[in-house]
Amino acid sequence: MTGPSFDFGEVLGNIDLLLRGIALTLFLWILAFSFALAVGLALALARASARTWLSWPAGAYVEVFRNTPVLVQLIWFYYAFPVLTGVQMSPFTAALIGLCLNTSAYMSEIYRAGLQSIARGQWEAGRALGMRGRQALVRIVLPQAVRRMIPAFTNRGVELAKMTSIASVLSVHELMYEAKLLSTQTFLPLETFTIVAVIYLLLIYPGTLAALLLERRLSRRYAT
Amino acid sequence: MSATALLRAEGLRKSFGPLEVLRGIDLEVAAGERIAILGSSGSGKSTLLRCLNFMELPSAGRIFIDGERVGREGGRSDQIRYDDAELCGLRTRIGMIFQQFNLFPHMTVLGNVMEGPRTVLGRAKAEAEKTARTYLARVGLGDKADEYPSRLSGGQQQRVAIARALAMDPEILLFDEPTSSLDPELVGEVLATILDLSGEGRTMLLVTHELGFAYHFATRVLFLHDGVIYEEGTPDEILKHPRRERTQAFLSRFTSFRF
Amino acid sequence: MPSYAWDFSPIWRNADLLLAGLANTIWLSAASIAVGLAIGLGLAILRLSHSRLVSAPAGALIEFYRNTPPLVHFFWYYYGLPILLGVSLSPFAAALLALSVQSGAFFAEVFRGGIVSIERGQWEAGRALGMSRRQLMRRIILPQAVRRMVPPLMERSFEVVKTTALAATLAYSELLYQAMTLASRSYRPLETYSAVALIFFLLLLTASLAMRQVEARLRIGQP
């Protein structure tokens, strides 16, 4: 039997399909990431709250989303949740909700760690100048905390980008879904999935590099 | 140059990339000498010490231990070749004490002192332990044998480091600014330990900023400047009556210091 | 809105199906972690090599697998690799390969990071005593590095367990696949998926708590 012949050309000829997928991937990512930033903050504040009816459910939420596989979460929102509410969601909506809630659980941890990492001395210095608690938070602690959180947020962004591929299981027409479609259409799974892997690499690697650079800049600036 | 010198360096040069730190050092150390090496930062004093036990490989020049050349010419462009096994063997004869102590945090104090004899010299555990306890007692820390280094003060850690080097029974001891990382009140105990050793006739080279100590400790003082030995002599000659300009300038900066 | 009548009876009746799935999840996880650690170790050694000819390709491979979604690799190994090799792979084999190579890339970075993080002074102190490179690694560097590597290795292994759920897309009968089968058979997706989510949760939470215990223990005696 002669060796396999590679036909990347045929796959690349269908690049428009893949580009459509990339567009949806990006759209899904942007929405999920933005919402997660907001939801994550709310969660972090809830967890830090002294009221147990707030902090305990928030804590449980975070544990649930971090201790179950993402695919299980997405499938639950698409197939199980509608049974409860009686409302059928589109695959995109279900995927968006699942990814957003999942990411927000990790975001809340980042917020929490970031705020805690600012040494007590900073709060005290602010108070010693006569600032009120909230002033100290906004003027002294938060600016420093946010800078520290950015690399962690960037890493989460990278993880989320990888997770968008799981939405394909719900038939969301993002990049992975288009890849599967294309590979069955062309009968070229090897070429298709290789190319799509490279596309993902090109989309995601810059994010990893950015996180690395941000971390380095951060430690240099604030090194004692 | 006499052939009875324990350690001899000829034309020692060391560059780090474009930066030439040592620009030709000629040094002879006889057995039993105690040499204090002074100089401002960047003068090359630490680099000199680190070349002597080949923690840094010299860029040019020759080093002789007991009359025997370390390394050999070989290969292209007159490059010196060093054999790793030879250097390892050499380091069992030359001990080093670091500014940052560098104790092994995952071993107890006793373990640290035993490590050299056991792993490098291949001695049996019981024998190594006996040696270790002897030297720990010697530096006054016999009761701390089972502690971990993190539980000890800086001064105590440095004394353990000294015991660790002594346990190898080296012919030469190199001290690289042993007290520069210590809180002031801990410096004295380490210097006392080092001074105590001098009574045994050990050959020691000490890079330090503690001029008063150098005066009492050393048999010879070297002042390094710009990568060469600018002036050398007895402690009286260098520290009390320096003849050359830069030596005088350097010493005058230590205003708190009176002989 | 009429209140929904929960019915978990299909779950109880088919508990054996789900338990078999759970067993497969654990089996795939364990195998992938074991093979992944071996691959990671090999890659780390290559990455630490002084020769760029060796370390650069290893680095490229590591970055490739760290920056691409696992699902792509599941499909690549299941549909694509057989074309290259001329043999077909079972869903388990494909999932195992994809998971172990990708986790190997992550493990490799943990191994490398652990070794590189040991400060210079330790290397110097060992060398100053006359230790050879081998003695230095064995007695001084590795014992300290391994301690630092354990928490991130555990974190990564935890992620591997979660990622095994993706093997359901290859029709491997791990826990999620069993759930999908049961949900369509019983017409009870809410109960099925909720139950399976709970099983995953208990499994992973237990692992989580065990990990935190190990980390706490490792911190004893550290300054």
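The first chain written gets the first letter, and so on, giving A, B and C; residue counts start at 1 in each chain.
Operating definition for what follows: contacts are C-beta pairs under 8 Å (C-beta built on N, C-alpha and C of every residue); 3 or more make two chains touch, one makes a residue touch a chain.
Model, not experiment: these values are computed from the prediction.
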| item | value |
| --- | --- |
| By count of C-beta pairs in contact, the leading pair of chains | A-C |
| From subunit A, the most remote chain by mean C-alpha position | B |
| Chain nearest the global centroid, as defined over all protein CA atoms shown | C |
| Centroid distance [mean C-alpha coordinates] between subunit B and subunit A, Å | 54 |
| Whole-Å separation of chain centres (CA-atom averages), subunit B against subunit C | 48 |
| Gap in Å, rounded to a whole number, between the CA centres of subunit C and subunit A | 19 |
| Subunit B partner contacts - residues on subunit C that touch it in the complex | 121-122, 124-133, 135, 139-140, 143-144, 147, 221-223 |
| Of all residues in subunit B, those that touch subunit C in their complex | 53, 55, 84-85, 88-92, 95-96, 98, 100-106, 115-116, 119-120, 148, 150, 164-165, 168 |
| Subunit A to subunit C touching residues, read off their complex | 1, 4, 63-64, 66-73, 75-76, 79-81, 83-84, 86, 158, 161-166, 168-169, 176, 179-180, 183, 189-190, 192-194, 196-197, 200-201, 204-205, 208 |
| Touching residues on subunit C, where the partner in the complex is subunit A | 1, 4, 63-64, 66-73, 75-76, 79-81, 83-84, 86, 162-166, 168-169, 176, 180, 183, 189-190, 192-194, 196-197, 200-201, 204-205, 208 |
